[in-house]
Amino acid sequence: MTGDSPSGLTHIDSRGNARMVDVSAKPATPRRATAQGSVRMRPATLELITGGEVGKGDVLGVARVAAIMAAKRTGELIPLCHPLGLDSVTVDFSPAPPDRILISATAALVGRTGVEMEALTAVSIAALTIYDMCKAADKEMVIGESWLAAKTGGRSGDFRHPSPPA
Amino acid sequence: MTGDSPSGLTHIDSRGNARMVDVSAKPATPRRATAQGSVRMRPATLELITGGEVGKGDVLGVARVAAIMAAKRTGELIPLCHPLGLDSVTVDFSPAPPDRILISATAALVGRTGVEMEALTAVSIAALTIYDMCKAADKEMVIGESWLAAKTGGRSGDFRHPSPPA
Amino acid sequence: MTGDSPSGLTHIDSRGNARMVDVSAKPATPRRATAQGSVRMRPATLELITGGEVGKGDVLGVARVAAIMAAKRTGELIPLCHPLGLDSVTVDFSPAPPDRILISATAALVGRTGVEMEALTAVSIAALTIYDMCKAADKEMVIGESWLAAKTGGRSGDFRHPSPPA
Amino acid sequence: MTGDSPSGLTHIDSRGNARMVDVSAKPATPRRATAQGSVRMRPATLELITGGEVGKGDVLGVARVAAIMAAKRTGELIPLCHPLGLDSVTVDFSPAPPDRILISATAALVGRTGVEMEALTAVSIAALTIYDMCKAADKEMVIGESWLAAKTGGRSGDFRHPSPPA
Amino acid sequence: MTGDSPSGLTHIDSRGNARMVDVSAKPATPRRATAQGSVRMRPATLELITGGEVGKGDVLGVARVAAIMAAKRTGELIPLCHPLGLDSVTVDFSPAPPDRILISATAALVGRTGVEMEALTAVSIAALTIYDMCKAADKEMVIGESWLAAKTGGRSGDFRHPSPPA
Amino acid sequence: MTGDSPSGLTHIDSRGNARMVDVSAKPATPRRATAQGSVRMRPATLELITGGEVGKGDVLGVARVAAIMAAKRTGELIPLCHPLGLDSVTVDFSPAPPDRILISATAALVGRTGVEMEALTAVSIAALTIYDMCKAADKEMVIGESWLAAKTGGRSGDFRHPSPPA
């Protein structure tokens, strides 16, 4: 019904229409993906998040929950993503003084398609949540670049980003 | 019940607990916010999106729909955001050859709280959707920095980012 | 940012891009819309739904709940619909022997935009739910035509469909 | 816990109560379903959608995305549907001048239950989205009949509608 | 369209059908509601949550986020609840040694209908989240009774539960 | 990436951070769980629900649908729950005059993790829906205790609550 795309974009069929790629003939195999990103902010804002007595860690705790929950809903947000029953999501934050928080998210499942988008979505929602919780103090924060750091499993084989931004 | 936060973070109360800030005493006024971002990719990937005969514009069309739909669901994704009845969302893309697509999203409503997060969420989901639709051709794409470009309305007054990243 | 559409389609801007129309300058006024539809089935299937001792009315009871819940989520399903805080939804069913069930849904709110889509969505989901609950007995059911029967309120004034299908 | 239904409706148990049928003992097998439908409109409205220079194809592009996304959420909308991890969704439109657009949607997965409802939901939401995007120009549009055209896989075997409406 | 219910249940119309009550004629006024509940567990489980070095407070932090997010989605979960744009949600936990955690949630908005269900939903989801996070250590936990402790605003006036369970 | 938790709480990693436990190495096996709960109310309220001519059974019918639908969305509500493709959900109500309705919910699937939370969530949402539909008549209702009554399947083996509250 939908032939191979001459465009090289699998999500577009031979007539130029968007589609959810058929993965039903692929075997269910273990897959894992890690994405990375960051939020850049004033040094004083970073201290509010990481150094204070009150609310210590709470911004990152809320952002972690938001990221895990969003990863589970990736298929609702990204139109052509397959809905997936994720087997694992972890989200880690590393303060990088004086002005950044690094974000890393890893998703895994046994399934017919990869979990790159789940890991990337987790990073994006974590960054947006940090922005939201700190924006009263600092509207000039910048959500940093994000990328697929690594993936394993699936027909296209393992991948490690050859030139990660930072 | 929840006093002012000594941390300077309004989403954290005086005991360090996350909360959804009470805006019920604020008047409903017109608010508008614009966020910006980008996706960086190989020049050949940019051509697939913008230059081909087949599927011309379709990647960006799908990303625009995803962004608009996600903006409406910001309150479900970002834990302490107020649920808002958005009055407007627009999303614009500008190819920036040889290797970038710029993304701009604007949200507006008449309400008790701002729509910065809705505009930023639209930018992030647009970028993630572009990544998803092109990842079979280019896994090394990088979702670029994103930021609040401008906002109007609300008690804190108008804002324009003094040093946007690009 | 997005001029009037030469296409006559308000959801498409002057450059041909989809958008959520800006309604922030419109006043919040009372609006109401009624949509109608039907499901056509074998007479024996209609009897299962309406005439039996066991489960009497239950198919329609479930369909009514599904329709009301879907009306509330119209803004999540229809990409360019505004998210609305509905003030009322009612759904009515009328068996039309020998082979049809008629569906009518009415939505209302005080708001800046109409509720036609909410009423139409309620009718569609009611019909789909009836199909789902009866499909083990009758896969040949047909979800009938549906249309906006009437609306009141809003700048475009009152409307009553001049030639409803049935 | 819930015996066979004397009503012949599998979604109703022996006491007349709604339930989600237990499919855990069924094997996961390949399944596919195609549903069809249409939207009927004024000829001038059909031309706005298919013939113009500006926004050409955009209404159908948005409707396709909405349909694919809704198919993935069928289990949230239809109360007794099983939540499914769809492996594929495609949506096709065919203008049928002078006054109709035909809609066809196909869903597939390897699973324990069929995907008829996913295909039918995709058709309904596609039709509703077309209605929404054109309603400023034509409120008298009629969402046409829709039906299960064909299904393959599953214990009940293959099915092709013997008397499709049009 | 739907008359007063002889049953005394406003969510059931005069023909016995469920409906979402029409509140469009009511004024938007400030409303606030507080609900309370608890989780009962082994003393050792309570210590894991409140007393340890590792993960101190994290269970309650996650439960608070879950409760706030669920309060915002009450209208999606409870079929006949109106969808509301909450202006505030706060959730508080008080360990009650040796074996209980008390939960209190308060919701507020300016609107046409009350927020009792939002407060009660927050309490329930907080309790379920605590159960989920501790169930590997203690499957015998009991989610305690919950109730509307107080509400203010709305036509029915202020309310304080005259005989709260504990 | 995340070691065993010294806290005994699997949802907290060795650094005290919340995570979604990795179940990808576990086999998919049949699992089933039953939870129980209740709603306590005035005898007159119980009669409104169970004894009248008008709307007989409708409150419980709506609550059953709400509970089944919520069970399917457990993974969206409870932050660290795995998203699951439930194979079965049933919900039963038993009036316990003079003042209680007992609720029992059973969920089942073939999967890598248990369905305790799905059963408990169904019970909670059923109770909240009953409260919502009767609150105009009786604001003093109390949502009763709820607990995991039994589970089968999974590595930790079968479980039956040794001391259920009632």
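When the chains are written out, they are named A, B, C, D, E and F in that same order, and each has its own residue count from 1.
The rule is short, and it goes like this: a contact is a pair of C-beta atoms (placed from the backbone, for glycine too) under 8 Å apart; a residue touches a chain by one contact, two chains touch by 3 or more.
A quick note: this is a predicted structure, and the numbers were derived from the prediction, not measured.
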Turning angle required so that chain B lies on chain C, C-alpha fit (0 to 180°, nearest 5): 120
Taking each chain's C-alpha mean as its centre, the one farthest from chain E: D
Geometric centre distance via CA averages, chain F-chain B, whole Å: 36
Distance between the centres, which are taken as Cα means, of chain F and chain A, whole angstrom: 31
Chain C residues counted as touching two or more neighbouring chains: 17-18, 58, 61-62, 65-66, 69, 73, 79-80, 84-85
Overall pattern in which the protein chains touch one another (line/ring/star/complete/other): other
Pairs of chains in contact (touch as defined earlier), listed by label: A-B, A-D, A-E, A-F, B-C, B-D, B-E, C-D, C-E, C-F, D-F, E-F
Chain D-touching residues of chain F, taken from the complex the two chains share: 30, 61, 64-65, 68-69, 72-73, 84-92, 106, 108-110
Residues of chain A defined as touching chain D within the complex: 1-2, 13, 17-24, 75-76, 79-80, 82-85, 111-112
Residue ranges of chain F in contact with chain E within the complex: 5-12, 14-18, 37, 40, 48-49, 52, 54-56, 58-59, 61-62, 65-66, 69-70, 73, 77-81, 116-117, 120-121, 124-125, 127-129, 131-137, 139-148, 151, 159, 161-163, 165
Partner chain C, residues of chain F touching it in the complex: 58, 61-62, 65-66, 69
